[in-house]
Amino acid sequence: MKKPTVITGTVGNDAHVIGTKILSRALREAGFNVVELGILTPTDEFIKAAIETDADAILMSSLYGMAELDVTGFKEKCIEAGLDDVLLYIGGILGVGRRDAKEDEEKFKKLGFDRVFPPETELKLAIGDLWADLKAKGKV
Amino acid sequence: MKKPTVITGTVGNDAHVIGTKILSRALREAGFNVVELGILTPTDEFIKAAIETDADAILMSSLYGMAELDVTGFKEKCIEAGLDDVLLYIGGILGVGRRDAKEDEEKFKKLGFDRVFPPETELKLAIGDLWADLKAKGKV
Amino acid sequence: MAPNVKNQKIDEGEFLRMREKVLAQWPTGKEVDLDEAIEYQKKLPDSKNYLKIMQKLHEEGRTVAYPRAGTATIEDSISLYRKLEESQVPFLLVTTDSYTRQLEFKKVEAAIEETKKTGKKILNGFPLINHGVKGMRQIVESVNTGAFNPRISLKAYPLGSEIAFASGMTGVSAGPFISWGAYEKNSDIAEAIGAYQYMHRLIGYYADRGVKITCDNHGWILTGVQPMTVNLATTIAEAMMEAEQGVKSVVSCIHLMGNLAQDLAWIRVAPRLMREYLDRYGYADVIIAGTLAQHTPLFPMPQGMGGAFAYTDYSALVGALGKVEACSIRSIDEALGIPTEESHQLTYESVNWFFNVIRGQKIDLEMKEIAIEERIAELEIRAILDKLLEIGDGDIVVGCIKGVHLGIIDSSFSPNKQVKDKVIGVKDCRGAIRYAEFGNLPLPEEVKEFHREKVAERERADGTKADYEMTIRDFWAFNKGQLIGKPVRA
Amino acid sequence: MAPNVKNQKIDEGEFLRMREKVLAQWPTGKEVDLDEAIEYQKKLPDSKNYLKIMQKLHEEGRTVAYPRAGTATIEDSISLYRKLEESQVPFLLVTTDSYTRQLEFKKVEAAIEETKKTGKKILNGFPLINHGVKGMRQIVESVNTGAFNPRISLKAYPLGSEIAFASGMTGVSAGPFISWGAYEKNSDIAEAIGAYQYMHRLIGYYADRGVKITCDNHGWILTGVQPMTVNLATTIAEAMMEAEQGVKSVVSCIHLMGNLAQDLAWIRVAPRLMREYLDRYGYADVIIAGTLAQHTPLFPMPQGMGGAFAYTDYSALVGALGKVEACSIRSIDEALGIPTEESHQLTYESVNWFFNVIRGQKIDLEMKEIAIEERIAELEIRAILDKLLEIGDGDIVVGCIKGVHLGIIDSSFSPNKQVKDKVIGVKDCRGAIRYAEFGNLPLPEEVKEFHREKVAERERADGTKADYEMTIRDFWAFNKGQLIGKPVRA
């Protein structure tokens, strides 16, 4: 079986690195081919990397509260770039101030994300979701 | 001028003494004649003492949360005993659990109290109220 | 319960005759079958046994929260204690309501009915006696871990403790001084001790049959700002009284007043002297199960949530630094009313953080102030205990009774009319508590001189006398987020 | 801002030429008139001057909270800082938003408009540059007490600090390491230092004219669990860089990791060594205004309110025991998002309680562990600084640049690609932080041996290797209310 390829990174002007680092390492240990873009990654770079590596999923992080601004229109750009089929995940603190995880989930699903993860996400479970979603798409 | 006489004490089965002790001392220093009944004082004893000493006011305390049960019907008993004109004050933690001072005030005013004081009452101010009320009644 | 009460084990026949009257106070008394109760106790797992829990905590070097809890209905109680269990609180206090404490069981019945009908909370605690053994056992059996422990009253302890122990409670607040000195106005110290002897003897009866029920000794809870000397001396006196009646497991409770060095000194000195006096007076087989520290609840907590958390976290800190097994914690709602389940949960979440983080570091504090305070406290407690034993001719009960009358043990602000009320305490410049007035306390001159110096320093710093005003200022200090009550300048 | 940057005061003419470009970055740059700004600064009361506030706190033996605050609009800012003033917080942080930090002033404009229209909060901080001198002065003038202090970014500091100081801000987070090492991915250390030299030179310009603006030196904020050695060494390096550009007032910032003895040792050692190195390298006239301690925000806070209060109270405790003037406090909402005014207020209510109660007691902690940690920390920091100065031929700037390339200073988990990332830290059995991997850090063999022993002890206790897994476990420990990350047993 070919290793599935995934892109990780912190989107926009966000500099919080720890979450995406831990996630990247966990993904690698779980058998993924991980392209780790790190912090301060413009949405275009995610798309570029996904095209170049023929990625199966993009796993974005954002903690600084301005994610919505950063990713509005991202799904559309992905479609334009022919990445319709790439899974989009996002996780972190997805707005300014105390959050309601349910609201965040709805909001970012509307913006085109397949799954939305709150802080303190158990990464094992998230990676389990990823396997399941890839399987459902017949990618693994 | 004759010193006005006031009765203090903790009503019912309440054993919290500090508030009523401090209040009694402050009243004494403010020039009142204070009959200090202490804790665990049945309502009847308040009435008896008020009659015996021809008191101008009764200042009850209650902290343990069961004041409402203790003083329901007290105003009526006072009237029966001919104490219509005696001022009734109560202070402390006037129910079980987190309190809304406004609600307590309404409740105990309905029960016949002239003034109702929350925890952390500044005693100087309360005693000021007492002087004012006595003056209004022409008692000082 | 005679006024000529002595420190002497009640004869078993006599005890059994007394029992009949006690059990007849309310129909649920009939539910108590001692033999069956002893079997029931023996079948309880270690995780519900007060002594065993304490010993395990000691071995593991852990501190846990000791709650203050009690709610009127069985359903609410089960929910509450399960929440406490989730919060890793293994000591499950059952605070009884004030009607129960006055034996007003009919009123309790009415209140329970009313609550059932209207949902309105009326009782300020759990009506243990009305619910009886059947009710209480439901609660005991509803958790996996946790030693239940009732808080009752002078009047209601005899029947209450019968029901408590038969229900599987394994600890109890057992000293006579707390009721007599902090909850009563007219009661007599001799009568109070006599009344408690019944419960101690009951525990002795269980102990003779292999069931160890543990006595928390709170001593004379001293109201307001004053050194804990008399309090600590009386916890030791209480342990001696209990031991005589056959109690085999006691706890050393230490009430704290907020100065770290003084508080830690008290924590170190109290169990050490308790051991010494127990041994010296022939009770070497009595186990000191552990130590329980608490910021004595005799001044008000801050009403704001930030201050309330700080104060309660501070209690946890001192307890953990003192390496006590349990630390009695006031919930963040303390100043507001009986806490909700959520307030309990948040409170333990907070103090558990402190317990874990501090105990994990295995901190051994060395400060010269601790050594000084320890020496002073030891001199004071010994002076008082020895005087009590002297005037009691070796009998601690007689000594305590005479001691109250003579003001050898004394407290300010007590509600009890029998108390001399000749002492006054204030904080010194570092927030340690000193006597401004000694009354008749038999303290050594050297110790008095120490207090006087510290008080004089405070007077100079504040520019006011150390008097009633100052003690009241100090009383409110923690409530206002201050260590010491600052004088209000005109 | 050349890569051949050195620790050498920028010539004034050169500086003034640089200014023109800086001020042209956005129209509000034109609002800055240096002469007028200096007059404005001189008229500020002592109660708004960072240095004066620090000195007063030191004299009075007090600790205060240092907040993290910043909100998008002027009105909200005024309301927020007045609330902080009410909460007795005299250091008023102005955290700028992330667009400002990237010089994306047009996006800021759009966001401000959107917020005005919809009320929706978009920016995660205060857009200092868009609001300009006029806007910021409104805020400075809206309080009576409080020194404002901006948090900006590598890119935006030059123009941001021009506006900040002209608006009456009297302190600033001034070290280049924080931006480069914690906020940037591609930036170069030499460029970063060059960029910061501009701000330092600007402060020097003010200082030459009698206005002392104070530099907080945070050093290289080290991400994740690792000893603060490199962090503390770089705070001292930063002070030397600032001093060379004419800065006259600096603060020693100490990042804490949660073990009391180690944290207190760092608090003791850092300002002492900063003084020594400043003196030795010719900057004896630079004042160390005070010390600022904080539990480094590089691990997540507990999300529950109980745990959040405990953690933040613990920070306050350690700061107070360390007798620092200011303690950077994370609000109880830290893990949840930008705090509300109420969360700020509750947080300071809580920590102020601790500050007052602990400092009032004048506690002098003596623990042998503190002495041991102090010695180790001193050996480590000296070894690193001396090595940097050696490879820089006495030039600390050159030393730092080379040091990064060689891994003489290093950090795990840094977002910056330039970082070697060869070190790994874990907690020892008491929660003190040790190196499991030393990378190229030039630590003395004796020190390394000490770390190895402690790490080996931990490995034995956990039954696992001290590796990446362990560091991640430890990273989450406080968040879960634990001192050390416990291994998950299968």
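General remarks:
Letters A, B, C and D mark the chains as written, and numbering starts fresh at 1 in each.
Just so we're on the same page, a residue touches a chain if its C-beta (ideal position, glycine included) is under 8 Å from a C-beta of that chain, and two chains touch if they have at least 3 such contacts.
Quantities reported herein were computed from a predicted structural model and do not represent experimental measurements.
Compared with chain C, the chain whose C-alpha mean position is the greatest distance off is A. Inter-chain centre distance (chain B to chain C, centres taken as mean C-alpha positions): 31 Å. As a whole-number value, the distance joining the C-alpha centres of chain A and chain B reads 66 Å. With centres defined as mean CA coordinates, chain C is found 56 Å away from chain A. In chain B, there is no position where the chain touches two or more neighbouring chains simultaneously.
Under the contact rule stated at the top, the pairs of chains that touch are A-D, B-C, C-D.
Residues of chain B that touch chain C in their complex: 12-15, 17-18, 21-22, 25, 38-40, 64-66, 69, 93, 95-99, 119-120. Chain D makes touch with chain A in their complex at residues 97-99, 101-102, 104, 111, 121-124, 182-185, 223-224, 298, 300, 303, 333, 335-338, 340, 413-415, 417, 468, 472, 475, 479. Residue ranges of chain C in contact with chain D, taken from their complex: 258-261, 302, 304-307, 309-311, 313-314, 316-317, 345-354, 356-358, 360-369, 430-431, 478, 481-484.
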